[in-house]
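Note that subunit A is present in both complexes that follow, paired respectively with subunit B and with subunit C.
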Partner chain A sequence: MSGGALAGDTAGASAQTADGWRSRWGRLYLQSEGIRGWCLSAPALFVVIAALAVPIGLLVLFSFWTQDYVDIDTTLTLNNYQTIADRTIYLTVFARSVGISGLVTLLTVLLAYPLAYYVAFDVTRHKMVWLVLITLPFWTSYLLRVFAWKIILGYDGVINSGLAWLGVIDEPLSFLLYNPFAVILTLAHAWAAFAILPIYVSLEKIDRSLLEAATDLGDGPLRRFWRVTFPLSMPGVIAAAIVIFIPTVGDYVTPTLVGGPSGLMIANLIQTQFSKANDWPLGAALSIASMVTVTLIACLFVWFSKRATEKIA
Partner chain B sequence: MSTIARQGRGYRASYAVLYLAFLYVPVLFLPLFSFNQSIYIAFPIEGWTFKWYGTLLENERLHEALGNSLEIAITSSVLATTLAIFAAKAYTRYRYRGQRLSLGVVMLPMVLPEIIVGVSLLILLNQIGLGLGTHSVIIGHTLICLPFAIAVLMSRMEGFDRNLEEASLDLGEGPVTTFFRVTLPLILPGVVASLLLTFTISFDEFIIAFFLSATDTTLPVFIWSQLRFPQRLPTVLALGACILVFSAILVVFSEWIRRRGHVKAGPGVWN
Partner chain C sequence: MSTQATGMPSGAAAATDPSRFIDIQQVTKRFGASVVAVDAVSLQIARGEFFSLLGASGCGKTTLLRMLAGFEAPSEGEILIDGQPMAAVAAHRRPTNMVFQSYAIFPHLNVGQNIAYGLRKEKLSKADLRRRVDEALEMIKLSGYASRGADQLSGGQRQRVALARALVRRPKVLLLDEPLGALDKKLREEMQIELRQLQEQLGITFVFVTHDQEEALTMSDRIAVMSAGHVLQVDDPHTLYERPTCAEVAAFIGSMNFLKGRVRGRENGQAVVEAEGLGTITAEAVAGDLAEGAAVLLAIRPEKMAIADTAERAPAGAVEGRIAAANYLGDRSHYYVNLPGVEKPVAVAAQNVDRETEGWLQSGAPVWLSWQAKGPILLPAE
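Right after this comes the complex of A and B.
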């Protein structure tokens, strides 16, 4: 039924057809899972498209424009990407960010695994208490958790003043703060729960009879872990790695508070372009370049670790 | 149990305790030094005082920031959870073409660095002339909260028997009544969990608010602005201690709600 015909009808008839249309639509709605599915997810999809897809499209467009003093030149060029490729500072900081985040991911997952294993397999009662204990510190302000490390590692900080008070040192140790090591330590602490929880969930899901079968078939504890438990926990390890790697590459708070000049990361460069340097197109190009780098590395990582798991199992 | 297995368990238990200490000790320095009389955050502690908590009550910019943060966190958590209820239903109850793609799209904000979300929204809002303030932070926070809300609600919806909904439809209730009288009561603990989680994410979020809040400072942006001034640090520490206690209460409360939900739904639903 066309809209024109509907509009031309008398009031009563149009109410009737509207009713007919509504019930037909209602029947169709109930019959087709596809229509129901798309209708119910449409508002969420709309938000993601309007507040993420469109802005990122615009970000890409911006990255091909150039800043011309106060104006923006809208001719499409690759100048910004050329600048990023030419200046070593950008490449250095990119490599450093990826390196720092990679180490943070590795360290956090390695440290978290035994704890997740302990809670999943050894704790029988009060599992929930353990999980709440693990997550509790992460419900406090992220900013303050990072800042806590600044007051711990600082020149006049907790460690230095504590050691001086105890008479262990005469001069404060200056190597603690403002370097990549401080960034790695702080991030490994700040993101710990994001590694523990996914690994715990995948360990918890493992069917215990598989482990018994491995033991019955003569596998020792180590072999059983390597051949059965570890491959089956891989989904959790991969999830943990992705959930930590992606946000930490783009972290701004930690490098700014504890990184110092030698611990600067991508987010600091991006933020500078959007504030002091006021070169939004270059900032956009840096954002896009880092986003593409991060996504590529994450995809490669998932692909490789899946292949590796298949080989072991 | 063999000796080796018991030994392994012993090692893991001591490791777990050490790890918990690593998680807690740095965080607990904040409340510890918030009671220190000296404005310097260093040992030895000079004396104990509550005066920094008193300064919290007088700081008007802090109250304003707290108000903004609460407004933003409540609005975005309600928006994200509402959108997620419908989306999670679509992803768990039906099977249709394009479902996985659609799920992938709504989960995207989870796998993007937040600074990208911040700068891209900054450019968009600037271009369409919508300006910056509370509203723009709400948009950003609703976006990043959405995947978390959907994940929480999907796991809740997968947990209960869909026959209950079908029974209601077969007995002649419409989809809307079925939703309010069957689905919603069953997923209520999930809704509460989602609201608490997304509230916390928004309340704690810094970088998006840093780019988008302009003069409507949120609490994290306010804290950030204070960190540069050593004489204001004790007040920040007192504030941090309050946030710590408040979140602890919130977590324990949400855990309690979740458990009650399990008991109430009964073994028939939770088989």
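Right after this comes the complex of A and C.
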């Protein structure tokens, strides 16, 4: 101790070690990128592990167990997966879910692209207003919007009463609601902004001189779009498609409310297993099976669209 | 030409005056109600010429180039290329190609695909396409780079690819929008020489936009100096530097000393001028006929002046001044000399050939200035 004026040797020493520990830690923190990264991501990591990894792990475990009336038999078997493969209802509903989501994705991206293109290229002033307007429907709850579609498409809903009033139809059209069409329409509307925004961002990022270069090199507007604009907006399209496809396959609210029996989707079946049927292991197996399949489809889609983009150019 | 006077026949076969290969006639471009980017500009560019548009940013040079490319339409006036009016020709059908300032290399394509981009319409066989791309790569000394990604190129390489991509289409006119601006000094100088050689080899008309006067002087056959939407002077580099026709051009190209003066008479076709600081001298009037008594500007380049440390070493007629500042640049020195009755110090550039005998000149020292007989030129006062 060089100071010597401090009250006691021990107190001084402990104060110094605390100080030293802190400064040493501080130095380490600043020097090591790894430590910094772990510290900064720790809170998020904790949530992801506790709220995502652990439940999924449990789900996987459950899927290898079997429901034995009131008890759960914890011997590991593949029986649940065997059941899924045997009973065609699961495959049918799952195929329908994928079909409906695929159509929703296609429809949403097709409808969103022109709007995103317009805002990115032709709106010069008040872009922000446009973007806010696009997200405006999302200021109300998802449920409310689904109910709104019920009111529009319903037996004595807006469309039917409107058409009746105009004298176009004598009795209400019954094919509007409670079928896959209603599910597709409702989902496409619900997810529109999630398609518009990523596509808009990818279009907005395109250097305008690239478009001029394409023109300069002899491409008319359509060919230029196909050879430069579209391939360069592909990341946005892929992002939009993934963001819409994955959650809509597992959507449960919309098919419940507007789907009817023919619009039932896989999430409805899973929900039944966990509630009315009270077969958690089978529900878990269904969840895992659909999760894995959706992941595979998404990966395949990304791989395929990347290849396709390269081909175009 | 008589064939031209009767109007162009439908085909392009009619011979056009080669000195009017690009004919810009009274072209004006307005943006909105108040901005006039290009104001009634007329220019003729000859076939095979390396022509530069030189000016500070915002002078309208890029707008003019973009009108040649077809990205902007003139508000008034007409542009003809090889005798064909361009007004109704869309940008993608024009016989021009452009090298963009940002190079605009397609990021989703590799080098070979970038170069082949503009050849789609020619419907070449795979082998021919490959050959054309390889030739282009060889021309820009990037053979073997065809499969490189656009993001794996350095700035200089991107610039070359942009050049090859435009030239591979064999355009009648190559438009270059400050293509060397983003390169470092050494690379820029190399590219200046290469570009010039390429242009001479190919014989394609180059229209080159730059704000760098040295670049324009090095490369061009002729230069149009632009300012505020107008063309101030069109001449070959030599004339532009030695005989500028207005103070703005004189000041923009190189450095120039301006002294106020008044015309006192004429002598052997030269004007006799009383100039501040220099006394009564003779000078050549470049622009306009200057009447006796007219207020003029006497312009003289720093390197046309000589500096001496004693009256004996200076030629007769030298004027005495005092050095305000001296900058040593190695091969030469720049002196700023205060002359009696002159507001701004006069700049003198002297080669440091034999400074040991000529004497080192320090700030504050008295000096004697003289000038070459053909050095001073007269310009109309603003």
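In this text, the second predicted complex is superposed on the first by the 296 of 313 C-alpha atoms of A that agree within 3 Å, B and C clash if a C-alpha of one lies under 4 Å from a C-alpha of the other, contacts with A are read in each partner's own complex, and residues count from 1 in each chain.
We take it that a residue touches a chain if its C-beta (ideal position, glycine included) is under 8 Å from a C-beta of that chain, and two chains touch if they have at least 3 such contacts.
Treat the numbers as computed from the prediction; the structure is a model and nothing was measured.
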{"item": "Simultaneous placement of subunit C and subunit B on subunit A, clash or fit", "value": "fit"}
{"item": "Partner chain(s) touched by A:214 [first = subunit B, second = subunit C, both, neither]", "value": "second"}
{"item": "Angle at subunit A between subunit B and subunit C, C-alpha centres, nearest 10 degrees", "value": "80"}
{"item": "First, second, both or neither for A:100, with subunit B first and subunit C second", "value": "neither"}
{"item": "First (subunit B), second (subunit C), both or neither touched by A:120", "value": "neither"}
{"item": "Contacts of A:177 with subunit B and subunit C, given as first, second, both or neither", "value": "neither"}
{"item": "Partner chain(s) touched by A:257 [first = subunit B, second = subunit C, both, neither]", "value": "first"}
{"item": "Contacts of A:309 with subunit B and subunit C, given as first, second, both or neither", "value": "second"}
{"item": "Superposition-derived comparison: subunit B or subunit C, residues of subunit A touched", "value": "B"}
{"item": "Partner chain in contact with A:231 - subunit B first, subunit C second, else both or neither", "value": "second"}
{"item": "Subunit B and subunit C, minimum CA distance [Å, superposed model]", "value": "7"}
{"item": "Set of subunit A residues, in rising order, touched by both subunit B and subunit C", "value": "none"}
{"item": "Subunit B partner contacts - residues on subunit A that touch it in the complex", "value": "29-30, 32-34, 36-41, 43-45, 47-49, 51-56, 58-59, 62, 111, 114-115, 117-119, 122, 128, 130, 132-137, 139-145, 147-149, 151-152, 154, 156-158, 160-162, 165, 189, 192, 221, 242-243, 246-247, 249-253, 257, 267, 270-271, 274, 280, 283-284, 287, 290-291, 294, 298"}
{"item": "Subunit B - residues contacting subunit A, complex", "value": "4-5, 8-9, 12-13, 15-16, 19-20, 22-24, 26-27, 29-30, 33, 40-44, 83-84, 86-87, 89-91, 93-99, 102, 105-106, 108-117, 119-124, 127, 139-140, 142-143, 146, 150, 175, 200, 204, 206-207, 210-211, 219-220, 223-224, 227, 233, 236, 240, 243-244, 247-248, 250-252, 255, 259"}
{"item": "Subunit C residues touching subunit A - in the complex, by the definition given at the top", "value": "69-71, 90-93, 96-98, 100-102, 104, 106-109, 113, 117-118, 120-121, 165-166, 169"}
{"item": "Complex interface listing, subunit A residues touching subunit C", "value": "207, 209-210, 212-220, 224, 227-228, 231-232, 309, 313"}
